[in-house]
Amino acid sequence: MTYLLTQLANGLSYGLILGLIAVGFVIVFTSTGVLNFAHGSVLLAGAYLVAVLHDPIGFWAAAVVGIAGAALLAVLINAVLVRNLAEANPGTAAILMLGVDILLLTELTRRIGNRVLTIGSPWGADVFSFGGITLPMSRVIAAGLAIVVFALLWFLFARTGTGIAMRAAAADGDTASLMGIRLSRTGAAGWALAGALAAIAGIFLASFPAPGVAPTLAISAFAAIPAWVLGGFDSVVGAIVGGLIIGVVTALAVGYESELHFLGRGLGEVVPYAVMILVLLVRPSGLFGRKEAVRV
Amino acid sequence: MKHRTRTALALAGCVAVLAACSTEDPNASGGGGGGGGEGDVETGNGVTDDTITVGMLTDLSGPFAAGAAIQVTQTQAYYDQVNEDGGICGRDVEVQVQDHGYDPQRAVTLYRSMAPEVVALQQVLGGPTSAAVLPLAEADGLYLGGHGWAGVALQYENAQIPGTTYAIESANAIDYLVDELGLSEGAKVGVVYFVGDYGSDSLAGAQYAAGERGLEVVPQEITPRDTDLSAQASALQQAGVSAVILGAAPGQLASLAGVLAAQGLDVPIIGNTPTFGPSLLETPAGPALEQNFYTVTSIAPYSLDEPGVQAARELYEAAAPDGELGWEVPLATAQAELLSAALEGACEAGDLTPEGVVAAMRETSDLDTEGLYATPLDYTEVTEPPTRTVYVSRASADAEGGLEVLGTFEGPSAQSYTVG
Amino acid sequence: MSDLLRRLPVALAVLVALGLPVVLDGFWLQTGLFAMAAVVGAIGLTLLVGIAGQLSLGHAFFAALGAYAYAWSVGEVGDRAAGAGLPPILGLVLAGVVAAVAGALFSPISGRLRGIYLGLATIGLVFLARHLMVNLEALTGGFNGRAVEPFSVPGFSFSNDDPDYLAIAGVEFGGLHRLWYLFLVVVLLAAWLGRNVKDSRTGRALANVRDSEAAAAAMGIHVARAKATAFVISSAYAGVAGALMALAYGRIAPDLFGLQLSIDFLVMIVLGGLGSIAGAAAGAAFVVMLPLVLTQYSSELPFLAAPGSGGLDGATLARLLYGAAIIAVLLFLRGGLAGAAGRLRHRRSPPPPDTSGLPPAPPPSAAPASAAVPEPSHPGVPTRSKETTS
């Protein structure tokens, strides 16, 4: 029983981090129509900044620089590249992001090399125990912080002018534009948010129990794609729920691998995608997706 | 009409081409082929009157770039010294290096360009890359070394495995757990391994040995992408393991050791050769590693006090004063020594062709490496590893390269394990 | 006359391709084989993305299916990994058929999702494929993969044996040379079929679906079926491409068919210009050859550091150039390479509407993907009237 609870807690905390990444995918997609394949390398760039800066300027300052840096990087990608596409459509934009991803990742990989760069967080390898369940402290903090971030996002989208403008632009760009909403601004805000969220997720993905910042961190953003898709492409709530589902399912598949042996070894890698395909078979627009996403 | 003309033209073209066809090999009757005739040594690809060219297909831009760079540096340094001392067979040895970036497609293509220009491949690094190149090199009869320790390579006559296999490392690990660390019959051992030729080989050896020694294996498969092993660690704790064998990379070791320590599971962790990297001791998992981590390697760790390793260290520190230290240094030296021995053998036999180098390698029955390996190496049997003895070491921040050698070891199930 | 002019470059290219093996060495032959295998897959994908407006990141899955279907059907009975011992030509056909059937089985999703949504859903297939390849060891040989029997027709093998020695114009023709011609035939067949699909009723129906599903439905096109059909055709191409890859490698393993392969396919067709068959071929050749050629010849480029010395080495430069090329084409070349070539060719005719590279901002809404490519910029595509006159 404790074992089940431990794995559930593992899964939920990991799922919340995935949610942070998936929400970034959603916001970029709804605000500018771009499938952001460079999300992972933005995440890595943020974490890398924290890893190299925590020694000279301290962890908290480094974290702020890392988050701001990732947000700035995302905004620049949008302003310099995405908005200058020769043919603006989601397909070419996605490929453009692949190109950006290759550039960023190649350079970061070269800088990091084979070193394991620690993130230098004050919680280090501490653990948190409650009722027989042990969780790494970094995961507990990540979960708490993610919930706070999600609440702030809700506040932003529901109560602030910028947020409402972003929602309007996402719902119907042309109309929003006619109503005087500057789409370039809502787009930039969306990219900045996504970059910041990715950097936060990156800091926690590089914290204990992971050893530190390594180029594989960029690939971990791909793990959030099933979460995003099964949540329904354009729904922030869907992305969060999707993250939780994927996190829990993955943790259970790994935790009970010996019981699930008949499905083959190495289930943890394939289960998120299997769940995604199953959900799409039943609901092509995902759990929370707008019906408009799929017609006919 | 137009179509008919076109067809006729096409037919005419075919006939013209066919006229130039031949299925008679003009060289077939002309003896051995190749350069031949230079004094008493027959030569072929990659050997001229004054140079011998060997190739390295390695990963200088992919996931193993750092370790691969150490090996390239050390190999170059080794042959520079060989050339200073008069070379091999009266010729200088030249190393041609190409970077496949851990991409099998690039490895295969670069192999095609390299194969006609070298007499042997000093190294083809990486599991998927060497798996793609090995059958091609076998078809060409080309010596291929430095491809890691996966047991699957033992089916190739042309492959020179640099030590024992991962399976035998892990079998030794189980024997060591029983004989030296006091695990009793019925105890459970977790095996956390990468899916693939490396990890799966490690698992196979552990499972065999566990069966022999009355232990039970709890397997946990992971991929190189998994750097957070919390779920696996919880599963191992739930299963009640008294030791863990790890067939993965440094990132996974740091995570696993850290989480196990955090959960209060104070059990030995034994890793295969590629599992450890010295920079791990600076991560939060460092103390846990110093307490519980052992590694079983057929190649000597960097800090071993034996003449062969000593010489390798001196050579490396002169070539790369600021280079990173690790087991790659003795490994690269050993690999270069193995190939040099094969080249010398081929020279003595008067057949310095690619086939001659493979033949010479297969006649090596008692190669002493002065401590780079724990025992002399025997390559006469294709399907047999050249040695079954490993060095057992512990993580230690005081030792150079982060590993302190405890001694050599060869357990009963490592001796009886059959490869393949 | 203009017809002849249009076909001249293609005919020339074919002639050159026929003669090349006489002068090329192993490196270039192997590079060419990989490139031609990619060309087949890219043509299939450009039919799906460019004509039907559907996106797929799952083509590595179908290529894997084709590769293993070929390896299995041609493999020897009773070998380490199972085989059926069928004639290789049947194996090649089977590779396409198996992939097409898998594509059809995916139609509940491929028929209902469009554009980028489908692209994301298909990522799942790649990971599913890897799981199956690693775990179905009896068929696939597991992680270590399985050997691939060489292609042969009775009395002639496309390998180094049977006949053991074959020379044309004094150059020994080994396995790589022989495979070159096999691949060339398949590529030409694939291009010809692709053009026919594009100009057929199905092709036009697909283009309609791409431009407006509602309008297409109003014209009596069964939209879901049209989308599923495009997916099936495209999958068959990927399957054949996979079989060619298997032949070019001589041994296949799960690692060859990762997400990177899917991504590479997509990059090829976008660089080449969506919907253009010649463009897909050019894009495929570029994507495959760039890293191979740069690493091979990096030592001869003075500004590059030796591998391992810590500086900018050939492989890193290849990655950077690859990324930069993608970005540059998307920012400055409307319609990719094919679009640029088309504009060059039409210089003398009225200037194209836009060469200044001033694009509209991307649609801000979550508008469904519609890969609207300006139709007239496709070279090498005969119009309907020409087709009927010849």
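When the chains are written out, they are named A, B and C in that same order, and each has its own residue count from 1.
Everything that follows uses one rule, which is that a residue touches a chain if its C-beta (ideal position, glycine included) is under 8 Å from a C-beta of that chain, and two chains touch if they have at least 3 such contacts.
The UniProt protein names, listed by chain, are A = Branched-chain amino acid transport system permease protein; C = Amino acid/amide ABC transporter membrane protein 2, HAAT family.
Please read all numbers here as calculations on a predicted model, not as lab measurements.
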**OP:** Could you pull out the chain whose C-alpha mean position is farthest off from that of subunit A?
**Re:** B
Subject >> Between A-C and B-C, the pair joined by more C-beta contacts >> reply: A-C
Subject >> Mean-CA-position distance for subunit C and subunit B (Å) >> reply: 35
Original post:
Roughly how far is subunit A from subunit C, going centre to centre by Cα mean, in whole Å?
Top reply: 31
Original post:
Among the residues of subunit C, which are close enough to touch at least two other chains?
Top reply: 134, 316, 319
**OP:** List, in ascending order, every residue of subunit B touching at least 2 other chains.
**Re:** 61, 65, 195
Subject >> Junction residues of subunit A - those touching two or more other chains >> reply: 110, 265-266, 269
**OP:** Using the touch definition up top, name the residues of subunit B that touch subunit A in the complex.
**Re:** 61, 63-67, 195, 218-235, 238-239, 250-251, 254-255, 258-259, 261-264, 277, 279-280, 282-285, 324
Subject >> Residues on subunit C engaged by subunit B in the complex (per definition of touch) >> reply: 25-27, 29-31, 34, 134, 142-145, 147, 160, 163-170, 172, 176, 248-251, 253, 255-256, 288, 291-292, 295-296, 298, 306-308, 310, 313-316, 319, 390
**OP:** Please give the residue numbers of subunit C that touch subunit A in the complex, ascending.
**Re:** 49, 55, 108-109, 112-117, 119-121, 123-125, 127-128, 130-131, 134-135, 213-214, 217, 223-224, 259, 263, 266-267, 270, 274, 316, 319-320, 322-327, 330-335, 357, 359-373
**OP:** Report the residues of subunit A in contact with subunit C in the complex, numbered from low to high.
**Re:** 29-35, 81-96, 98-103, 106-107, 110, 169-174, 176-177, 183-184, 186-187, 222, 225-226, 228-229, 233-234, 264-267, 269-270, 272-274, 276-277, 280-281, 284, 290, 293-296
**OP:** Using the touch rule from the top, collect the residues of subunit B that touch subunit C in their complex.
**Re:** 2, 17, 20-26, 28, 58, 60-62, 65, 68-69, 72-73, 97-101, 103-106, 108-110, 112-113, 115-116, 128, 131-132, 135-136, 139, 152, 195-197, 200
